[in-house]
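Consider the two complexes below, in which subunit A is the common component and subunit B and subunit C are the respective partners.
Now for the complex of A and B:
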């Protein structure tokens, strides 16, 4: 029995290792390419292990990448905060209140996910032109929020649905004003889902390219996604620089995920009601 | 006590008293003051939910203190993050702590104050829910089937604790239950509900001895009251088991209501003709189900000790008619006996 379970454990570890290798290989390739010189890349005889001595050179020659990263951070955090603020309120209303048009509203949220961004970009451009939001990072936040928020709403709605309504009623009897039930009782219980929605919204804002490429004209206002693409030239593409930029572009997102993922735990409501 | 079968509206009535369900018509008054439009928190009530409804993200201490903290919160304290900080700050207040520890000691929760609800047993969670109700010293306690999630042993223990608590705090308790034993043992006044209508209001003894209608007669008591269809003929009653020398309150057909403990089965002559259907030995007593004459209606006798009747045998049923009830067959309403 022990042998069998150990054999199963070894097999499972092997499968996990293979999956990690498949997922991690592009990252490894990005790091090694970033530390190679162009002639090494094209010669194909570069060492497979990145040279630590060259790690210091990674960030040289990236030009305005840091500014673009700051723009991306603004767009990503803005998208996350705005999406979560609106999504929490919308999800609570959808979960707890019965009102005319509730079903239509829910469907409309889904509908936003059915349409590709490319289909929206032209009408959105026209709207942004009228509103004066073109070439404006705030406008980019709004555009990204429109796509990130519906997903956040559905994640949060299903989380709020699982919270027994008696907990909220109990809070109301205990003296909690109606408007305060959401921040006092509901929000702490759906924090894992808020964290999940935050990750999705953040990456929506961080990785978004199409709107950024279409709406942002001034080079100093570009987010990093567009800046990264600008390294790819018509005649020459400095692969080492592109991979360095890609690495720098990836790091903040990884840090954000590592910080937030600790909140993505389940089972917070256990013990609240008989179950 | 609000007593009735599932779906009769007793929890809805309690929720209306609490302000958790809107009252569509009628007036709800506390001490002569209409409270229909008041928010639950403004009604000076405490509510103990069937499902405990504890705050899982807070410790037992914070759960119990929650009503006290809410009294001190200003609107901006409720904002995200701020509410958690302010809760911690107010929890350190000696006055809050003293009150929480006093109530916790009363409910034997002192050792569990810093634990989370998920680490507690069902009985402990229920005690936390009661402690949270006690801490704000409300004018009215509302309890919605607070024992229905507990096992039989714990339920008996908690029943005694709640009864003791009632005698200690001396406030009005409105207690919803579908368990007549809880209602009869804990209640001072019982409202029997069915289909959203009050069937009877009275003391447990009144309701048991003088049920207002056949619903109450059958719902209260285990086994339920025997309702024997009778046709009066002068000074006698014709029952399915034979004649009874008794004058009915009306010349029309009636239902004679007799509690199971007022029926004695024997093999000696006299009484009504009966056939044993089922025998349930409960140790201290035996409940015997029987038919009268050729009728298929099941009636019950509760006899002390271990009697030796077997199903499918015939016997005689003697009825003690002292305190018997009469009901109209069509309406089910109680008829006053001729005295």
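Now for the complex of A and C:
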């Protein structure tokens, strides 16, 4: 019995190792390529490990990427602010009140997850053309918020659902005015979920490609997603530089997602369980 | 408490109002406009200048083998990504559920692909799949096989795009299943061990019923996300080679921005939306039925 379970443990360790190696490889390969020069990369017997001497200068010489990252940061911050502002209020109402239209609103939030951006990109293009929002980073904020905000609502609603209403009632008895209950009593209790909603909204704006690719014309106004995508099939920029750029674009997302992943997952699933 | 009942009744609408109006303006209105475009002859250069032509686009689509091909590609891609990510995600979660040295590190690595921006994912995989110097072909050659055109050969492209997509999305399933596994009460494991069940039976009889509701939710999200996924497919293959990866969403984009035929593009998009709607309705119907049978 003991030997059997030990053999099982060894087997499990082997499977985990293989899985980690296979899943981790693309990221490892991105780092490795980022530290290598074109002559090495395309030589056919290119080294399979990063060049430690060049790890330090990984993020130098990124060219236009720095401007593009700044544009992405602008879009991402705008998307976060706008979607959190609406999501906090909507999530609170969904969690605390039974009102007519509640079910329809909940379904509309879910429906955004199945709406193909490719279908609404043309009508949005037409609307933005009239409003002068094409080729404008503000327009991207507006478009991205439509997809980020519903997810933020789910995350916040499932967090507020877990706060007992009695806490609010006793705060009211202690003289807390009605309008202050949400910002002063409820919000501080759900801060971790607010952070999770902020992260997912931020990276919705940071990662978004289709709207950015369609709406933004001027190269200096491109967000990094469009800028990076312009390297696909382009052979002028050294591949090492392209991979460094992809890496700078990726690292912040990995760090923040790892910090808040659990709450994002529970928010997304609860949104589709309760509708 | 002294409350004004009228004001209290209006309050939730005030709270939901911003978000609701926003969604109407930025998703519902463009969606309706898109559906309208599908019965007009609008062109890209003058998106509002189309005139009503009835259901010609739909008639054309349902007589066009190319359209059926893109429906087929979409369904194969979606089924493969859903199956692949559910399988890989569940296996990974079950492996990570027991503690072992290095578990946190393993979990971190296995979660990462989910966080990587799709454009970066595409750049990495374009490079890995590269015909001449890509690392996958180096491996294939080292093993003594012929190099393959992973993204340029019609028989490989859909496989390659699916693999990259599964890599990107399976961690989500893993995290969902892991959370569900950790909610299984320890007593259940113990009582099943006392009954002498082996690991596989324990999983089938005790753990799986716990996982099922969450797996269904994960399957729903994976399905509707895959049906509408644009960027990874577009950046890896642009729907090619020769339409091999031309999903519905890719043809929507191609018709609009390459062929400038907004009307036809919108009609394709509308059919795609019907697909996702059917899946979603089926999911909620199934969920209701299983809830009712539990109540019995």
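Heads up, the rule we're going with is that the second predicted complex is superposed on the first by the 218 of 275 C-alpha atoms of A that agree within 3 Å, B and C clash if a C-alpha of one lies under 4 Å from a C-alpha of the other, contacts with A are read in each partner's own complex, and residues count from 1 in each chain.
Everything that follows uses one rule, which is that a residue touches a chain if its C-beta (ideal position, glycine included) is under 8 Å from a C-beta of that chain, and two chains touch if they have at least 3 such contacts.
For clarity, every value in this text was computed on a predicted model and none was experimentally measured.
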{"item": "Subunit B versus subunit C as contact partner of A:87, first or second or both or neither", "value": "second"}
{"item": "Partner chain(s) touched by A:183 [first = subunit B, second = subunit C, both, neither]", "value": "first"}
{"item": "Superposed model, subunit A: greater residue contact from subunit B or subunit C", "value": "C"}
{"item": "Which superposed partner A:167 touches (first subunit B, second subunit C, both, neither)", "value": "first"}
{"item": "Which of subunit B and subunit C A:175 touches, first, second, both or neither", "value": "first"}
{"item": "Set of subunit A residues, in rising order, touched by both subunit B and subunit C", "value": "172, 268-269, 272-273"}
{"item": "Subunit B - residues contacting subunit A, complex", "value": "18-20, 39-41, 45-47, 49-57, 66-67, 70-71, 73, 75, 78-80, 83-84, 116-120, 122, 125, 132, 136, 149"}
{"item": "Touching residues on subunit A, where the partner in the complex is subunit B", "value": "164, 166-167, 169-180, 183-185, 187-189, 267-274"}
{"item": "Interfacial residue positions of subunit C with respect to subunit A in the complex", "value": "1, 9, 11-16, 18-20, 22-23, 26-31, 33-34, 37, 44, 47-48, 91-92, 95-96, 98, 100, 102, 106, 108-128, 132-133, 135, 138, 167, 172, 175-176, 179, 199, 213-214, 217-218, 220-221, 224-225, 227-228, 230-231, 235, 248-250, 252-253, 256-257, 262, 265-266, 269-270, 272-273, 276-277, 279-280, 284, 287"}
{"item": "Subunit C-touching residues of subunit A, taken from the complex the two chains share", "value": "8-9, 12-13, 15-16, 19-20, 23-24, 26-27, 29-30, 33, 41-42, 44, 46, 48, 85-87, 89-90, 92-94, 96-97, 99, 101-102, 105, 108-127, 129, 142-143, 145-146, 149-150, 153, 172, 203, 206-207, 209-210, 214, 224-225, 228-229, 231-233, 239, 242-243, 246-247, 249-250, 253-254, 256-258, 261-262, 265-266, 268-269, 272-273, 275"}
